[in-house]
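This is the structure I have questions about; it appears just below.
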């Protein structure tokens, strides 16, 4: 079977990782990446061992890349004409504009969480509502935190049902290297509910969710506490078994050194993962307890790479590569080595 | 009526504020403060407009102070002989050793949360269990976070009863100026339950509590989300009224700029409060919602000064200045201008 | 002699402190402060023991203040009609617009470092070029870092002459409570020379200066190393004596606990200074050494309050209250208790 | 020619990278690594694609590793008996104790900068004093900052001679993931001169050096400004050419996005470098200026990996693999791809 052809538009924090993720799928072909300027990420790509092909949005941008010695394979129209689907990872709001080009080129596309819901036909999560994405032309992925904690909530929901969720998100206020955002010696409190809890309810409408969001001076992943009210009581041991069996959840132990978002990042670096990335959320084993019948536990969401698997699930759904969600996510997981 | 005479032993972050708090009580007299070395805090005290009398633990320490030009009023025995009660705010573990001296001098004492429970006869909180402290010789105060969130929990508990509490504490990892602790770009996760939830159950044994604790790179106050399950349903409006009426809870609005622990600190500075201190916990109005029947809300606990009121309540209880808790806390509040 | 009447326009980080500083000058009268919205600073002012009169820029803004229960004394025209001089501490760029109003009202004004040089007739520093400001209608103050290190450079320059200066500025990336700026786990490097070195040369044109600027995740003051090449060799001891005799330089010792910007801030809090402010730069004694004939030393600049004294010097110059710089700065220092 | 056999003792931040560096040298064989407990780094090693052999210090430690499923190849004596040389990267002070074992086993060893000078016969830097290390049994490497800035100073020194150096080091206060050190909202000032300037003079005794050291809340690399007084004037352009030609210095441009330590780290991640490591110091092009005849410039020192090349140079010197420094460093550079 021919590989499906994928274009990544926007080569920032998310786009880089989507490209890497697609490259690892044996049934997909990454045509290349599209960007507007020779950023540091493009420079790093070109300096790497096996750079992807680089396209510009329009030909007027070629000069800037060529001045940096970076060869250009073509423009957006060129890559669109070849692609089966586009992964759009441009800054929030740009995707909505780009959609017109995708419509004109009659190409499917998957947008990231920064875009408004209206950009897409379906608001998508690979595990929680795969079937809604099957055959859809335009999908929007849940954002990093929502993607991450839905994995855990869905994992319990599929077994015993979930009635209610309360999350406290302790989020990084900047990405590594980011000079445009960030708080110093400050924990910024947002109004409740946060959009992540609202988004969970859009994806899993049978659940009542709310949540608080606090921005703190960190860059490596979000820490989230979840209180999950199941429909049927479940023991800590049984919940733990479910989490341990989930390919996209890595159960870690504080006493073995996995005691922070930064420890997970260091582990990924030391293990030799490209970009020190992790696709799994981590669930801290010693934080999993019962409060009455409610499960209470803490996870870490690696904001940079966490949406990669579900985005690739989206390709599978949109292009009907698999019509069974289990088969789809299993393939994604296999190629990303998350089994 | 003669003022009761109070000695403060240990003039660090907490001790300084206890001394300030006692000084403001019209029915109490601060005899002075005791420390072991001419620290920066002692230097600042001496350079202030109206320094307290300074005592050393034993006379061998006089030289170090005198070399700095700081006059010494006497030693620990001198101040003990005059005092009715001691507020011990020494580093964790030192209080237990000091207790032998207090026992020998037949003086009552109040210890802070860093000491082990065994140091005291009663584990104390001014609002939640004042009556247990009445006449007791040795009290131990709840630590800063526990002191803070018990205010809010007790406030609901007194009205409709509380069954269950789940807290997520986002704590500062260092005090301002501290060079011995602190995390950088890291959110450190502790095992669940944290000691604060356990401590709440010691003070309020009819409540089932658990909680997560995450250390972050901040210095100004802890941010805590609480999920409180009441025995009888209470509306957001009614809960808000209770909180607004509580003298030790300051309800603030995010949209008016009270959007972080640091904003509260800045407000206290700009208002001209000594040391930029706040005695109240802040409750962020726009975070108060219902999740099912559970109240969910976010508070900020100013770790440096928050235990001052409840410690002064402890003096009132231990010395039987008031045998009715409402009268006791009202006086404390009045003198601290928290009405 | 009648007190000169001063209006402060813009009640942010700097404006608050200018108002406090003027209030302390026995030969000046603070008419009030002007702002556009009931910010947290205005709220804190109103909640303080003795609030200043509040004016709005134009009457259409009264409603917003009154909704917060904050009484309004009048509008900008009202305060201008009474004032002898305006201290403009509005956000960068606004001062230039305001100048038209000051011109129309025929009022003198002093602008802060964020404005462009063109806004003023004289770029001013109380110690280094007081005489240029005498009688001038529009002054612009040097920014916080430049104000601070010029004190130290000028102090040496007045004694033995200075030929060359090289500074490395390690600056706070946000003010306390600021959510709009800040870097996390990052030290941001700017092109050399920084504007502060260039500004020094504008004020002291006989000196050749350059400097590096690095933004770091702190909020309390800037740390600066200076390498100062004197025209005539000066010993460490003699330099130290000069610094110790300077009313606006506080020589501190690392081994006594003054080991950081945050230690200085904590000291100011504990001493009971309003807002925990310091007007002095701190010079760390144990960092003062010779490298060849060059003096090398490290200072801390408290960014929030440091420009207050020199701004008040500016009032004295512009209104010709004193025509001798020594008399002028001595009075400012006396009223600010920096003797 | 047979490969020389190298053992790495201590598999922490530095040890991991020394092992990686040796592994890349075609004329060296990494026998394995030695540690005392199954740390997170060991866990990451074992979970990586091609783990190194793991040895324990003594057999009593096997159990702890085997409980984690990590196979043990042997004990310290086993690996010593095979090794030609040991790279000791144990925590400061442990190396001195280990030396007795190395002496007993008659094995050469190279220690890191945390050990006292007395542990070694020669204090070593591959570029600045290679010849002193030739044939020596025990070398101690300069620490990360000293290693880094000596590269730049030596580069100028070899061309025009250097008379004087003044450095301002803005250092990370913790390593990524470190929970035992770190400062929050604080810049900690140390006494002058710092040990790094003193160490430079030990390696390059003809130079007069001093320097300031400030600890800040970052984890990715140290930022250092250097003022270098050459014996013979050199232009910015000529200096730049020297730096650009140096294999261990990477000249980067702020305006191309290399504007911080974190940008360099991000670049290394995105380029796909293992652990996101860099061996080169970075020199920010737009910071290189003349102040009088002095060169002034800013570098970034990646503290984790920077000592790897010079440590490998040390192997070459100690084992007399090359007796000409240029040949030695060229080989190291070639295998580390720093040409």
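In order of appearance the chains are A, B, C and D, and numbering begins at 1 in each one.
Keep in mind that, in the parts below, a residue touches a chain if its C-beta (ideal position, glycine included) is under 8 Å from a C-beta of that chain, and two chains touch if they have at least 3 such contacts.
Please read these numbers as outputs of a predicted model, since none were measured by experiment.
Taking the CA centroid of chain D as reference, the farthest chain centroid is that of B.
More C-beta pairs touch across one of C-D and A-C than the other; that pair is C-D. In whole angstrom, the spacing between the mean C-alpha positions of chain A and chain C is 47.
Centre-to-centre, using mean CA coordinates, chain B is 36 Å away from chain C.
Note on chain placement: the centre of chain C and the centre of chain D lie 43 Å apart, centres being C-alpha means.
Residues of chain D found to touch two or more other chains are 176-177, 179, 183-186, 188, 217-220, 259-260, 262-263.
Interface residues of chain A, counted against chain C in their complex, comprise 172-174, 176-179, 181-186, 188, 217-219. Listed in rising order, the residues of chain A touching chain B in the complex are 164, 166, 168, 170, 183, 185-193, 208, 210, 212, 214, 216-221, 223, 225, 227, 229, 254, 259-263, 284, 286-289, 291-292, 294, 296-298, 300. Looking at the complex, you find that chain B touches chain C at residues 16, 39-41, 43-45, 47-49, 68, 176-177, 179, 184-185, 217, 219, 256-260, 262-263, 265-272, 274-276.
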